[in-house]
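For reference, chains read A, B and C in written order, and residue numbers begin at 1 within each chain.
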Amino acid sequence: MDKGCYKQSEAEERISLMRTNMPPKHGIPGGIHIKELVATLLKSYEEIEATIKVDSVYQLNRSLLIEIIGKLRRLIFPGYFVKKYITKSFIEYQTGELVEEIFFDLTKQIAIALCHRKDGSPCHDEALGEAEKLVYTFLSKLSLIRSYLAMDVDAAFDGDPAAYSKDEIISSYPGIYAIMIYRLAHELYLLDIPLIPRIMTEYAHNITGIDIHPGATIGRHFFIDHGTGIVIGETTVIGNNVKIYQGVTLGGLSTRGGQALSGVKRHPTIEDGVTIYSGASILGGATVIGQGVVIGSNAFVTKSVPAQTRVSVKNPELQMHESVSKNAGHLELDQTEFWDWVI
Amino acid sequence: MDKGCYKQSEAEERISLMRTNMPPKHGIPGGIHIKELVATLLKSYEEIEATIKVDSVYQLNRSLLIEIIGKLRRLIFPGYFVKKYITKSFIEYQTGELVEEIFFDLTKQIAIALCHRKDGSPCHDEALGEAEKLVYTFLSKLSLIRSYLAMDVDAAFDGDPAAYSKDEIISSYPGIYAIMIYRLAHELYLLDIPLIPRIMTEYAHNITGIDIHPGATIGRHFFIDHGTGIVIGETTVIGNNVKIYQGVTLGGLSTRGGQALSGVKRHPTIEDGVTIYSGASILGGATVIGQGVVIGSNAFVTKSVPAQTRVSVKNPELQMHESVSKNAGHLELDQTEFWDWVI
Amino acid sequence: MDKGCYKQSEAEERISLMRTNMPPKHGIPGGIHIKELVATLLKSYEEIEATIKVDSVYQLNRSLLIEIIGKLRRLIFPGYFVKKYITKSFIEYQTGELVEEIFFDLTKQIAIALCHRKDGSPCHDEALGEAEKLVYTFLSKLSLIRSYLAMDVDAAFDGDPAAYSKDEIISSYPGIYAIMIYRLAHELYLLDIPLIPRIMTEYAHNITGIDIHPGATIGRHFFIDHGTGIVIGETTVIGNNVKIYQGVTLGGLSTRGGQALSGVKRHPTIEDGVTIYSGASILGGATVIGQGVVIGSNAFVTKSVPAQTRVSVKNPELQMHESVSKNAGHLELDQTEFWDWVI
């Protein structure tokens, strides 16, 4: 791709000039007016204030929240995500240090988040004290979350023939990672803490492609396989022993109501022992999928399904066309338009 | 998982040997010939030159470009992605510093990118000067991009009942992040800068699962919900007030032409006020979706749709099978093959 | 969003107190009992041991493995992912240094991984020596992997009209990144190394949304476009010159067997020259897609397809409803339920 217009040595010399002899920071090159660029931006900040946080002391630190997620993971799966291994004799101190670090960092973040409440409840005077209590309550749930996640790991091992061991699942399965962050965020959501739960689950969404709203309710022994493209809406309720594959949507029937629908149960209820295969959509707040139901790939379900039913979709018929040329070498497709072969 | 074949103390001792007593760098263990490995690779570099950049001074720095994206985000949403909060009295200096840093770093990267032009236009002599002008033009568009993104945030808040506040949208919604990077990359694309726009949007694709080509044209007040799996092709044109859900493809009808199709309009036109629900595909360069159209989930559209039409797909009929055993305990599925229940 | 309940100066003062005057680490605030939180966690560690790695010296270092992937990429595409450019005169030293670093780090990780073998073969005594040999064998395959990846880059350039240059593909295409990590992980999988191959491909899955099991077999000149949502199962076999688009699943027909199906061929065989368009699913261990077949978007294939056939799906008929109001301004949808317009 490089132009051969210079001998390499000249090119090197030139680029080295570019690297070292760039004008110093205060010697803006002629004709370029940094000050004008800055002035235009400052004017824009005055005109569009909705997306600016000037003079606001209540800004969450997203990268600190991500660090806290990492520390919580080390408390939940001790010894798995560390550089040096953990010994029985030291685990008390290591646990204590992690708990203390999380306690102090998360308290400050939650105190800030409490100032984002919609109901106008006071945020400064009581924020720090309230945040301390909330973090205490949250951290006292960690053992319970651990027991749920141990069952989720079991579910993945039992359900996936490709799983080599539970170590593999804990170390590498995106489903377990997304469920872990959801279970943590859900506890914060139940404590009515603004913003932080969603920042956490959207971080999991970034990493895994699995989008679980922290408001969803999910029972024990939950298994997500592959996972990319899964969406689980805010008011979804999922029972125990449920398995979900990639591309499944548990969603709402319409969002035309916009903010008017906020708080309404818009997403389905999935009872115990249900399996939902890839690409299926189950929609609507009144839709209940009964115990033990199996939903086939790509099914589109908007009404309730009684317990112990298997639901399959009669997939669109396949049309087979013999190709014109079977001669060796390159495949010669005929030139009729076949619109269904598309990217 | 650990073998019990050693007492722990011995195992610890052994691994500590592994950690500290590894042969020093220049004492390669007997029988292992690092030199041979290196020689084989060097030979491979000579044989396959297409994927090597030796003696090329025109290599972009991807991690620097990602840093620049972070700084641009701080200019667009001031105060949201910082460790210390911004005050009115200091915002001028903070803005100025960011603009200067972006200016110098991006100028060098663009100067390098200009040497990748296909038309053989000179790259060294004029690259730096031209790059400075391009960066200036680009940065002078930032206020406009801000105003578009403020409208995009409004669109997300208006359209999503699960949205708690605009702060939540800015801090955590993958759609806003992907749209922001697209809007920045699109301006660089319009300035005809090679490589950099695509590196930026593919970075957004990595983070969000939303794949918007920088060449696409997208109007005001654009809303993406959930987003994973969305593909928006290079020659797509999207109007104002459009809403798109997860898994939507705005694609081409065939790629059999390969590079011969480069530059041809291959992707659809979506007019103002269109809503496209999850999993729908709209394909082809001549396909125009008229104003106010609503496209239902999973629809597969390859022809134009007149304005104000609602398009729904008659979804495949569901087949319900009662399960053989309804007795308590584990679900006993019968053993007939039901191929549609698949991962 | 900020409450106006304080003058800014007071709020600033307060938050600054929050920042600096937080109780010191050893002065836990009254009423909060960190010790209790720690005790509860320690009890939980005793009760649920399955998800804990205490006193285990055989813990892999995931972040080190990710670093190794980065270094392997620099060996495969020299000069593309570096901060300073590579010159012919120095490439030998740079290559040598990378090979040595990878050699030592990867040897230790593999020695640890070998202790996770299911067959109970000894891990300590021979682990380090065996790991050295395995790494040597693996690194001696790098030239071959390079030649495959060069063909994969060609395939992407030939197949994608939006591809600007091979530099763009190497620098930004998620498909190439996922294929590269798969090809590396597959060699380690063939050497029967536990855990590491899957950690590598799941890392690629995180970054790209493309989930290729390291056990899959994939031929030359392989092209993945867009890629988000692709799943390629463990026992899949793919020939040469195959193209796959976003959302394609090459999967199993049922996982009801769970671990009992481990090792059985459960995923399809795709012969040379096959193209599989977006959203298609091909399932089952006995399913063979013959040479030169083209599978249309969203097809759901569970039986073998003879060579040179084009398979298209008769897509569900679209239903077009004229909207009630075509008057200017906002789109007025009628209020009948149209369940297929959903998120």
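Throughout what follows, a contact is a pair of C-beta atoms (placed from the backbone, for glycine too) under 8 Å apart; a residue touches a chain by one contact, two chains touch by 3 or more.
The model shown is predicted, which means the values in this text are computed figures rather than measured ones.
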Interface numbering overlap (same over half, different under half) for chain B and chain C: different
Cα superposition angle of chain A on its copy chain C, in degrees to the nearest 5: 120
Distance between chain centroids, defined by C-alpha means - chain B, chain C (Å): 15
Shared-contact residues (touching 2 or more other chains) in chain B: 1, 55-57, 116, 165-167, 209, 225-226, 228-229, 231, 233, 246-247, 249, 251-252, 255, 278-279, 281, 297-298, 300, 315-316, 333, 338, 340-343
Contacting residues of chain C [partner chain B, same complex]: 1, 55-58, 75-83, 85-88, 91-92, 95-96, 99-100, 103-104, 107-108, 111, 115-116, 120, 122-124, 128, 132-133, 136, 139-140, 142-143, 146-147, 149-150, 153-154, 157-168, 170-174, 207-209, 225-226, 228-229, 231, 233, 246-247, 249, 251-256, 278-279, 281, 283-284, 297-298, 300, 302, 315-323, 325-326, 331, 333, 338, 340-343
Chain A - residues contacting chain B, complex: 1-3, 5-6, 8, 11-12, 14-15, 18-19, 22, 25, 29, 31-38, 40-45, 47-48, 50-57, 59-63, 116, 118, 165-167, 194-195, 198-199, 202-203, 205-206, 209, 211, 213, 215, 225-226, 228-229, 231, 233-234, 245-247, 249, 251-252, 255, 257-264, 266, 273, 275, 277-279, 281, 292, 294, 296-301, 305, 307-316, 333, 337-343
